[in-house]
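Lettered A, B and C in written order, each chain numbered from 1.
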Amino acid sequence: MEDNIVLKMRNIHKIFPGVRALQGVDFTLRKGEIHALMGENGAGKSTLIKVLTGVYGKEEGDIFLDGTEGPVAIHSPQDAQNMGISTVYQEITLCPNLTVAENMFIGRTKGTVQNWKKMNADTDRILQSLEVPARAAQQLGTCSLAVQQMIAIARAVDMECKVLILDEPTSSLDEQEVEKLFKLMRDLRAKGVGIIFVTHFLEQVYEVCDRITVMRDGKLVGEYEIENLPRVQLVSKMLGKEVDDLSDIKGEVKTFDAGKDAVPVLEAEGLVSNAGIKPFDFHINKGEVNGFTGLLGSGRSECVRAIFGADRVTGGKVKMKGKDVKIAKPLDAMKNGIAYLPEDRKVDGIVGDLSVRDNIILAQQVLKGFFKPFSKAEANKVADEYIKLLNIKTASKDTPIKSLSGGNQQKVIVARWLFTHPEYLILDEPTRGIDVGTKVDIQKLVLKLASEGMSVTFISSELDEMIRTCSRLIVMRDRKAVGELTGDELNQSTIMNTIAGGDK
Amino acid sequence: MANSENVKTSSAGSWKNLLRNQCFIPIAALLLLAVFNLIVDPTFFRITFGYNSAGNPVLSGAIIDIINNGSELAILAIGMTLVTAASGGQDISVGAAIAIAGSVILRVLCGGNARPETLEAPIIVAFLVACVVAMLFGAFNGVLVAYFKIQPMIATLILYTAGRSIAAWINNNELPVISDPKFAYFGGFIPGIPIPTPFFIAVACMIVVGLALKFTNLRLYTQSVGINQSSARLNGLNPELIKVMTFVILGLCVAVAGLIKVSRVSSINYSVIAKDIEMDAILAVALGGNALSGGKFSMAASIIGAFVIQCLTTTLYKYGVPATALPAYKAVVVILLVIVSAPTVREYFSTLVKKMKLKGEVA
Amino acid sequence: MKKRLAVLLAGAMVMATLAGCGNGGTAETSAPATTDAPAAEPEAPAAEPEAEAEAPAEPEAEAEAPAAGGDLIKVGIINNDPSESGYRTANDADLKATFTEANGYSAQFAYGNPAVGNANEDQVKAAQQFIQDEVDYLLLSAADTAGWDTVLQDAQDAGVQVILFDRTIDADEGLYAASIVSDMDKEGQTAVDWLATQGLETYNIIHLQGQMGSAAQQGRTKALDEKVAAEANWNMVEQQTASWNAENAQQIVQSVISSGKEFNVIYAENDDMAKGAVAALDAANISHGVGKDVIVMGFDCNKWALEELLAGNWNYDGQCNPFQSSYISDVIKTLESGGTPAEKVIIMEEKGFDASTITAEDVEKYGI
């Protein structure tokens, strides 16, 4: 094995019932590099990672590790860990009710006796050396998500890993937290750790990575030096199309002319909920796409939740099409033609064990009433219709939604709300954690719906997505609406400045 | 009921579907018990026609015993399945609640006199009063679970503890005996009909719940709430109300089971009536392959599960297993069944089958 | 430093364990509050002696203000849950009717209920509570025979006289003043002797036992077991516990009938089980009672059971006398006057009723 290579995977094959998930994939990781593993959902990234970490067995192929003669056999995550392969997943897999130190050492101690004092001291030392802002004795649950993520990484580093796999670590972090994480990653790179970075954020790839391996449909597309692969090309390789969809979409942008055809659909005045936001005013016109922007935790989700009645509304007035309405609970909002795709797909969106069909009809079914269920035929027809319309990839409409990929789950939730034929659609982070193709699909869909007269509020952590789709942005800072931007103001720097605040 | 819709034409497909179908395990268990009885003593299946002491035609035999004595359990399994689905927990107070419902029926029928010559009120009135009372107690449990967020087992522990004393108190601690033969119809035989009435009542309950599942959104709502309460709420459902509703439905089931129980002996014994039936009801749900943590359910599988338990009990009685040892035998069988119906084990077997099939194709 | 810490830790752990014990202890002492609740609860059951007509005016007042009656004899009565059976209901009502203020007593009641918790433990706690309350007499019907030595010793040390009723216990005779019991063995023997006089060619018996291990079950089973072992023409077709439960009894008899075994005697250790068995016989059109195919035997002499005897549907019912209060008050009177009871163990008179000889007066007098 060459000197600077820590991991080599050759000709990996993996078959799931009915699917060839990996077909002869090669992957090489060098010492001290951050290597992006890119691909749309279903490309085989996760499967490859799981083969590497021993979660899945493989049908064919070899894995070579630095310092070991010949191919290694990895049968379990424990094996992988012992060989120096550590993984940090998108969802924190630590225990929130244990302390930081306990989480750092859980499952690693030999014997039954534990020296708590030493453990705490060791933990503090490691955290300090990696500049992670947490204390050993703190309960993990009290740390922010980003810090929890860093602790998970610190844990991996402390296990003297040679290969660190970061699976979508940034999807629930805000920009400052991402910066901190990147710094940590660069530090580790300097120490010679090989890092596999799986992400959907193109910008982040170009910010920290050295190399990119692109996969598509279970096959290797290629390995590239970062400087030799411009973004547009990366996207086209991931999508397998030469067309640049992203530039395509830009051409479709239409600015909404508020002056000419402003028919207000929803007007809220002094709306406030028990989720800790300051009272805010809001309105949206027919056919308009607007958005809430701001850092994570700035209150943008809480605002739309208040509009939908998802949190307990404690004050304010709401008018739908000029008429006073009372929205105390989600059903009130739904009856007034409002639909809401929640931020956290897993917790608030999908009903995991139910079929795709039941997930699609759920909201409309509730509107229709307890004693008027859709017949099986009707439900199937609707499901087929939306699966086709939104190009949802699912084995069948009876498949439980939880076995779909994130992007397709999101499409099902979108379908659910479209089926209620809302006048006003709220999409809170519809593009988070899903593949590029679906992101583009959803943005296109938003614009199409708006052009048909639907009002849409669109929230995304990715500014360029917001700029492409929204004609008006409400900027949130510290749980308060601090500005409204339209027209020419809709550019990265103005938005960033408004988010950051005037005193900066 | 749950998965029957997607029957495929190819034989391999239908095999797989059969294995996946939730009813497979309880039906297999039932068949296993049947085969065991067939081998050991085929008289198990003998059904004889005769007349009872009142001169009415009756059928008798072990099979009749099973459908007769399993009726209450099947009825309770219906309610328990819904409670489990929506709340992700179980009601352990159904035995005590049956004591209450039975006591209410007797109290209304006797009007406070322990040995009335005639009934003080029509049986239907007594039954309806018992329904209301049992549903109120169900609502009490439901409110504790849904609004006060108490673990279902803990919440229902209250009634579990107090229920039998309440039942005794309702009748001033007396043990009323009903002499009107009509009252015994519900737990025995209706003149001229040789099949035990409890079975008809159970079938009626199954039909009602079947219709309810078909013509209302009971299934979708309870499952949604059980799988993801937060998501259900954001889709306009009221999870708390739905949970209370399932407990109220269970209350209704309890009242029906209570009627059968007191009718069987035309009397009541507060401390032993329907004793430990809650555990059997929960077991029926588990045997049906339903997750005790809530969510998706198969009503048919639960009901079959109830009859599996009764079949087991009758079989053990038949072979003279000492009744004190009965729970132990039950436990062993139940452990086996529950392990076999656990999703992980089923997955393992289905992959095994698949692998064998792959090999077959290669060869 | 590390060592000291370890010692400290160890110390803390010991403390914690002790505290754990302590907690257990307090939990136990606080628990009597729960048994107290039924004890202070005579309000609810109190409604019932009133219904018995002969009940005195205000049993509640006694229980609530026991201290007020200075010259009253203070008795603490520990019994089993009255809703357990008709026998127990009658027993409890009998005691409540006798130990009244009008009769010169101030009585407190406590019950052990197996449906609620560990009946025997709760009873022990209640006994401790009564000893603390300085009752003059502790009347006890124990749920279990074992586990009473300590608390009875405490009673003796505190000068509390203990009178056992209804059930005996495994403790030194010196620890109690008298024991008023039914002789279950004798009840069983009386019943089996009666059965032997029926002169059947063969006795094929379905034996429905009570809760296994209880004194009544053991006594009533013993005589029958011995007889079946001794006589060639006495066969046990089925011997099963139905736990005093009518429904279980019904299921057991049903399964015997379904399996086609021949039988001509139902020996049920209480009336409820006999009733369940009869329900199964009726469903299968098997005649029973005087001069019919199957002999039905029960115990406890519930009024409704005696009525069945009177009607000739059953053949025999053995009495288990619940009316112990008169015996108890006799003992107390003897003790109060400075004497000692003539016998330590007082066995109550108990009858067995034959359907062919029972009279309507018997039903009224002995039915419970």
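The working rule: contacts are C-beta pairs under 8 Å (C-beta built on N, C-alpha and C of every residue); 3 or more make two chains touch, one makes a residue touch a chain.
Owing to the predicted nature of the structure, the values given are computational and were not obtained by experimental measurement.
Think of the whole protein's Cα atoms as having one middle point; the chain whose own Cα middle lies nearest to it is B.
Among the chain pairings, B-C comes first (most C-beta pairs in contact).
Taking each chain's centre as the mean of its C-alpha atoms, the one that lies farthest from the centre of chain B is A. If you average the CA atoms of chain B and of chain C, the two centres end up 33 Å from each other.
Each chain gets one centre point, the mean of its Cα atoms, and the points for chain A and chain C are 68 Å apart. Here the spacing of chain A and chain B, counted between their Cα centres, is 44 Å. Chain C has no residue in contact with two or more other chains. Those residues of chain B whose C-beta lies close enough to touch chain C in the complex are 41, 43, 46, 50-55, 58, 60-62, 64-65, 68-69, 96, 115, 161, 164-165, 167-169, 172-175, 177, 184, 188-189, 261, 264-265, 267, 269-273, 275, 313-314, 317-318, 320, 322-324.
On the side of chain C, the complex with chain B involves touching residues 44-45, 47-48, 51, 81-86, 89, 92, 113-116, 212, 238, 240-248, 250-252, 254-255, 257-260, 272, 275-276, 279, 281-287, 302-304. Across the complex, chain A meets chain B through its residues 17, 308, 310, 329-331, 334, 340, 342, 347-354, 358, 362-363, 365-367, 369-371, 373, 376, 396, 398, 416. By the touch criterion stated above, chain B contacts chain A in their complex at residues 5-6, 214-218, 220-221, 223-224, 227-228, 230-238, 295-296, 354.
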